[in-house]
Amino acid sequence: MSFFTSVTSRLWLLAFCLVAPLSANASEAADSGDTAWIMTSTALVLFMTLPGLALFYGGLVRVRNVLSVLMQCFAIACVASLLWVVVGYSLAFSDGGEFNRWIGGSSNFFLRNVTRDSLSGAIPESVFVMFQMTFAVITPALIIGAFAERMRFSAVLLFSAGWLMLVYFPVCHWVWGGGWLADLGVLDFAGGTVVHITAGVSALVAALMIGRRKGFPERPMPPHNLTMTVTGAGMLWIGWFGFNGGSALAANGDAGMAILVTHVSAATGALTWIVIEWLRHGRASALGAVTGMVAGLGSITPASGYVGVAAAMAIGLTAGVLCYWITMYMKNVIHVDDALDVFSVHGVGGIVGTLLAGLFVATAYGGLGLADGMTIAGQLKVQLIAVVATIIWSGVGSFLLLKLVDMLVTQRVDEESEVQGLDLTQHEETGYNL
Amino acid sequence: MSFFTSVTSRLWLLAFCLVAPLSANASEAADSGDTAWIMTSTALVLFMTLPGLALFYGGLVRVRNVLSVLMQCFAIACVASLLWVVVGYSLAFSDGGEFNRWIGGSSNFFLRNVTRDSLSGAIPESVFVMFQMTFAVITPALIIGAFAERMRFSAVLLFSAGWLMLVYFPVCHWVWGGGWLADLGVLDFAGGTVVHITAGVSALVAALMIGRRKGFPERPMPPHNLTMTVTGAGMLWIGWFGFNGGSALAANGDAGMAILVTHVSAATGALTWIVIEWLRHGRASALGAVTGMVAGLGSITPASGYVGVAAAMAIGLTAGVLCYWITMYMKNVIHVDDALDVFSVHGVGGIVGTLLAGLFVATAYGGLGLADGMTIAGQLKVQLIAVVATIIWSGVGSFLLLKLVDMLVTQRVDEESEVQGLDLTQHEETGYNL
Amino acid sequence: MSFFTSVTSRLWLLAFCLVAPLSANASEAADSGDTAWIMTSTALVLFMTLPGLALFYGGLVRVRNVLSVLMQCFAIACVASLLWVVVGYSLAFSDGGEFNRWIGGSSNFFLRNVTRDSLSGAIPESVFVMFQMTFAVITPALIIGAFAERMRFSAVLLFSAGWLMLVYFPVCHWVWGGGWLADLGVLDFAGGTVVHITAGVSALVAALMIGRRKGFPERPMPPHNLTMTVTGAGMLWIGWFGFNGGSALAANGDAGMAILVTHVSAATGALTWIVIEWLRHGRASALGAVTGMVAGLGSITPASGYVGVAAAMAIGLTAGVLCYWITMYMKNVIHVDDALDVFSVHGVGGIVGTLLAGLFVATAYGGLGLADGMTIAGQLKVQLIAVVATIIWSGVGSFLLLKLVDMLVTQRVDEESEVQGLDLTQHEETGYNL
Amino acid sequence: MKLVSAVIKPFKLDEVREGLNNIGIHGMTVTEVKGFGRQRGHTEIYRGAEYVVDFLPKIKIEVGVAEDRVDDVVDAIRNAADSGKIGDGKIFVSSLEQVVRIRTGETGTEAL
Amino acid sequence: MKLVSAVIKPFKLDEVREGLNNIGIHGMTVTEVKGFGRQRGHTEIYRGAEYVVDFLPKIKIEVGVAEDRVDDVVDAIRNAADSGKIGDGKIFVSSLEQVVRIRTGETGTEAL
Amino acid sequence: MKLVSAVIKPFKLDEVREGLNNIGIHGMTVTEVKGFGRQRGHTEIYRGAEYVVDFLPKIKIEVGVAEDRVDDVVDAIRNAADSGKIGDGKIFVSSLEQVVRIRTGETGTEAL
């Protein structure tokens, strides 16, 4: 299948899904296999957040903050879910009329048009809503790594809700909902821009605005439970099969290839990090391995539906090297306290992957093929525009939002609470009583 | 699809599944998509018990009893599985002849009629057997929360096996196997009566009969590992997609809607509990959030196939408020030591959800619609009958059974064993050697 | 369906999958339901290793080695995945020309022929590649239990990579890739020989060659975190649904029956171990229960597609008894320090199951039926040949490989590192900072 | 001043603390320790093999007290910690030369 | 020789260690303990019920020192551990009759 | 009576306990501690950055003994705990004024 037909069918599918609620009638039935796979993918992607990401992040903080991390992931999941149902799905995926380039409309607020029979392509629309919801859940949850161990719970919730409205729903619409980046023909299969760049850049802004943790960088702040982090990492890896494989919105060869390249990039990213540590320190750490894995996964995300196996290796390798290097630079040179390295891993990974997708999609590199009449240079330009636009929008949006949140509730806990830990001071609980 | 046709098709499906083993022939093939989804759902629901519920409960007890909880969940899973294969499936889902209103027959003991080719609706009967088995596994496992930290292992096993025979198989037959409650037209999509009320009420009876833990309520007994509990909570949430979504027995819009409302109710239940704690204590705890989530999930269970998104919010909200209030009342006012609040969360959630299903099924409330000729009041009456019957049967059954078990093996450990912990005294093991 | 048609269709399927990349054309489409199920199974089987097996094993070692176990599982997953893509899939599943009895060819190195459209039976070939990859991941990961707590990380990686080349890819080709054991008509549905015997026997050889841990058997080395082990056990159980159920390569009654008998054997194995401990020690331990479960699961693996429910009980029971007895014998009588009992559980389980598959496949025992013209005795002989050949090949191969690895990098850490623990000395990390 | 150090069974901690509170002692420091002694350890099962764990979890309580309160304190601990069973533990008394309250710099019995 | 034992707030450990290093004390042994005293415990929420946890995490530092360094050590600890808030902890000084360095067999102040 | 307190390397615990058993000492209390001293800590890697962890896990053993057994006990510990490497630890001896067995009320060397 040429790239053109694929993109066309994707656009048709999108178009279809936008009008489906109105036009669908009971005589057309969902494909049970596709539906089974997207429901499974939905479970897998939610599993990435609960408990995957929660454990991945939770293990990395000090013991007195572990529950705060779990709780933030959990509460964000709840808030994002309701927000998605009430307004988000409509803003992201419905027709925005004259503003459609920028944002969807209000016609599907409260999922007004989603019935048992409405379809979205070959799957029930309810399933499409749920699948996309899990992306809206994990994206703000990724950001909390930046301000871990020092942000007030109320501020986290306010910021996350506002961020979804201001950053996520619009960017999601631009890329997947028929907005201006979709019009330009941007390639973002499963969320290089929508998920990883938005989260990574916002994390960097948040880290800078909220300031360093007390004691950083003089005192090491070793992870309190790396077994928890590695457990979460395993869940993220498996869950990513749903993230990227589910983004095919069907159980077919596209989904299969997406999973295959996803897996290859993850393995390559992890081995890259292992090798770098081995060369530099004479030892390879488990945390390094799983960090490289996430870098590999984040980077392949936008490209996963378009590229071949060799490209996946190249992407995983590039991601491993760059994310390692930028993590070093951030933490040890310029001392930015993006506590759990959200920007260096997700932000950088998302940028790398989105750009490389524009290259490796070419059949010359084993990809699916460029759109009719598109050149590699042309596609790369589109990708670059998407990257830059997403960076600016996320950065500025997060900056303004954090200013507002700080005015409303004071975003940072006081010093004594930071010392005592967020678990006790924000949630009146203790992680372990062993 | 009107409610009537839905119920009819459900009944047909049931009827079909009862006779299928006899009539199915190889020329009719299972739908691969539906089959894929129900096998996935089976894995998801088993995952809810192992390790989901085991971790959820295990984290809540004191460190010296953590393995006893894991072991009880695990051993119950084994016993229930074999019992299901040997007699349970037959008693619940085969034709009971003249006693069919009360209990199924023995024709399918040892799954005698389940072949590679026999179908149950659009899925292989073996898959239907497995899917339903996972419900028979989790239901007795839910109950152990009531008598955690003080019941002898042998007594737990005896009770669980007896309970399946005496309470679960009959009630399952009444509601889903073509028994008298099915005849009345009760709505219980995925187990409000069959799972949550039976478990919750039996838990309450067990808590009262076995008595309070030594030290309760004077001394606080804080959870030993809330990270474990939150991990389990995430698994329960994801697993519930299989629980409720799988109960559609197909990969279609019904399953999709079931998952959507399930998710919304969970999120609403969690946020409700968070808000209540915030208002009352000025802090929201992670344990509170996940408890609210379980309340939301338990309540939507019977309604999940029938109601719309707004109803799901209403159900989650009601569940959050009521379960919170009743947990308070049980623990702090009347000092019933239902150790892990099985009744207050599952029992109450099941009752609330079963009743509200009768209301919100109405198209007026965005539901699937009442059965032909049925009024809301009529449906509510049927739901009430089901609730009351289930409460009485479970309560009395559990009472008698516990009397018997106590005579046979003494159900409670002696005081010194309770102090030393069940891990050492019942299993000769220690949870952690850090 | 008679056994003959089943085997034939399996062989056709195999044959088809071997030529598919060449002959498939876009007009034939994958079955979406089968594809959904095998992608799900892929996720489930990877989940068995990451984090399932990692946690199962990780909990059993002492606290100072926990990360080394997690890291080994993780790094092996990465190495095996890339090796599979680069050469493994081709060596196992492509046509080896004149050497085809022994090994596949190089035509599919780098998955050269795997396109978005190539099919493998009813599923996309990319999905078949991924599903089979997860088996190549878990098998070497199983082995690490033998030399846990004392092998250098570099040696583990070298050994695992070499082992895949020397043992796994050939044996996989013999049995599933159209090699000489397939020609003989061996029955190995999901990996009794390919996975469990190869891993178990190699583990035994490795344990003997690397020698006992310092302090064994004089000092007990109790598991540092049994909650972790039980968590991993739950994941293994659920994941095994994909392992055995996915091996049907379709979402149908075969898959359903495979899951059903898998589950029954697991439950029986666990209960068997529980009963034995109860009789011998007056107590049943959680570790015993999950060990019996793994024994039951390992044993049913080769038989899972062929046998009935009663046979599954027999297999689970036999496995439970034998594995218990041989674990005792190894650890307490001849003091072989196969640290996590890989041989006693997987090796013995795999042997038992492969042999019993030859018996219980007979319709007389409720099985699928023997191949046309095959007698029970004949089939048992084939099974025995497969068992013996696999034992010899794995044993000799592992022996030679370990000699080589030891020459290259010294496989065992020095005594002081062993005392300090592998986490610090191999990975410069600590599991917990609580 | 004296330092009274007691090794007791873990589940007696609450009672001992209450006992000390009752005689007006409100400060103490508690450590989780393992004890070896006459009390036999327990057995554990590990994949069917049984082994003996002979260190037992205990709690050590340290109380700095003025000379004239030592007997009261020892009695209070004994009364609360005694279960009549082997392994109930021991009380050790040693001399304290100086005590300083960090916050105020107070010394001696003032600081307790 | 004397044994200086100090119970301090956990987050003060690094500062105390630096303070001791600054006056030339490089050896010490640290234990995690729980303290009861005037400092009030915190509340925790458990499914909506609130309860008070009245043991607080503290760190105990033990330093064996020569007689003539005791005052320096006590001062160094005080200065570093003092946050001016209740619960800053206490320093206990007692007598040490002998110290042996296991590796060399050195005794007395040599062994410190 | 004396209290012999030894800080040793964790993996020497079993040998020390056996050493003490051999000279007839069967009671002791053990605490997990962290030691700072001349022994250098280890490095750990954290996302590529290396940092030094300078507190090391150690075990503290406390044995109350009659005056005349002190030297035996010190020797037994030394012999068992000595690995000849830096960080093997130290033994501290101090005076015990009283010992009480909680269960029986026995005091003095009777109570040990």
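Labels A, B, C, D, E and F are assigned to the chains in the order they are written; within every chain, residues are numbered from 1.
Quick note on the criterion: a contact is a pair of C-beta atoms (placed from the backbone, for glycine too) under 8 Å apart; a residue touches a chain by one contact, two chains touch by 3 or more.
These numbers come from a predicted model, not from an experiment.
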Chains contacting each of subunit B and subunit E, listed by label: A, D
More contacts between chains, A-E or A-B: A-B
Length of the line joining the C-alpha centres of subunit D and subunit F, rounded to whole Å: 18
Rounded Å distance between subunit B and subunit D, as computed from the means of their C-alpha atoms: 46
Gap in Å, rounded to a whole number, between the CA centres of subunit C and subunit B: 33
Approximate Å spacing (C-alpha centroids) for the pair subunit B, subunit F: 53
Two or more partner chains touched - positions in subunit F: 31, 44-45, 50, 53, 94-95
Multi-partner residues of subunit B (each touching 2 or more other chains): 31-34, 36-37, 40, 222-223, 225, 251, 281, 283, 285, 287, 427-430, 432, 434
Chain pairs that touch, as defined at the top of this document: A-B, A-C, A-E, A-F, B-C, B-D, B-E, C-D, C-F, D-E, D-F, E-F
Contacting residues of subunit F [partner subunit E, same complex]: 2, 6-8, 31-38, 55, 58, 60, 74, 77-78, 81-95
Partner subunit C, residues of subunit F touching it in the complex: 11, 14, 42-45, 50, 53
Residue numbers on subunit D that touch subunit C, as the complex places them: 44-51, 53
In the complex, subunit C residues that touch subunit A: 26, 29-37, 39-40, 42-43, 46-47, 49-52, 54-55, 58, 66-67, 70-71, 74-75, 77-79, 81-82, 85, 110-111, 114-119, 123-127, 129-130, 133, 153, 225, 228, 251, 426-434
Footprint of subunit D on subunit F - complex, ascending: 3, 17, 26-31, 64, 94-103, 105, 111-112
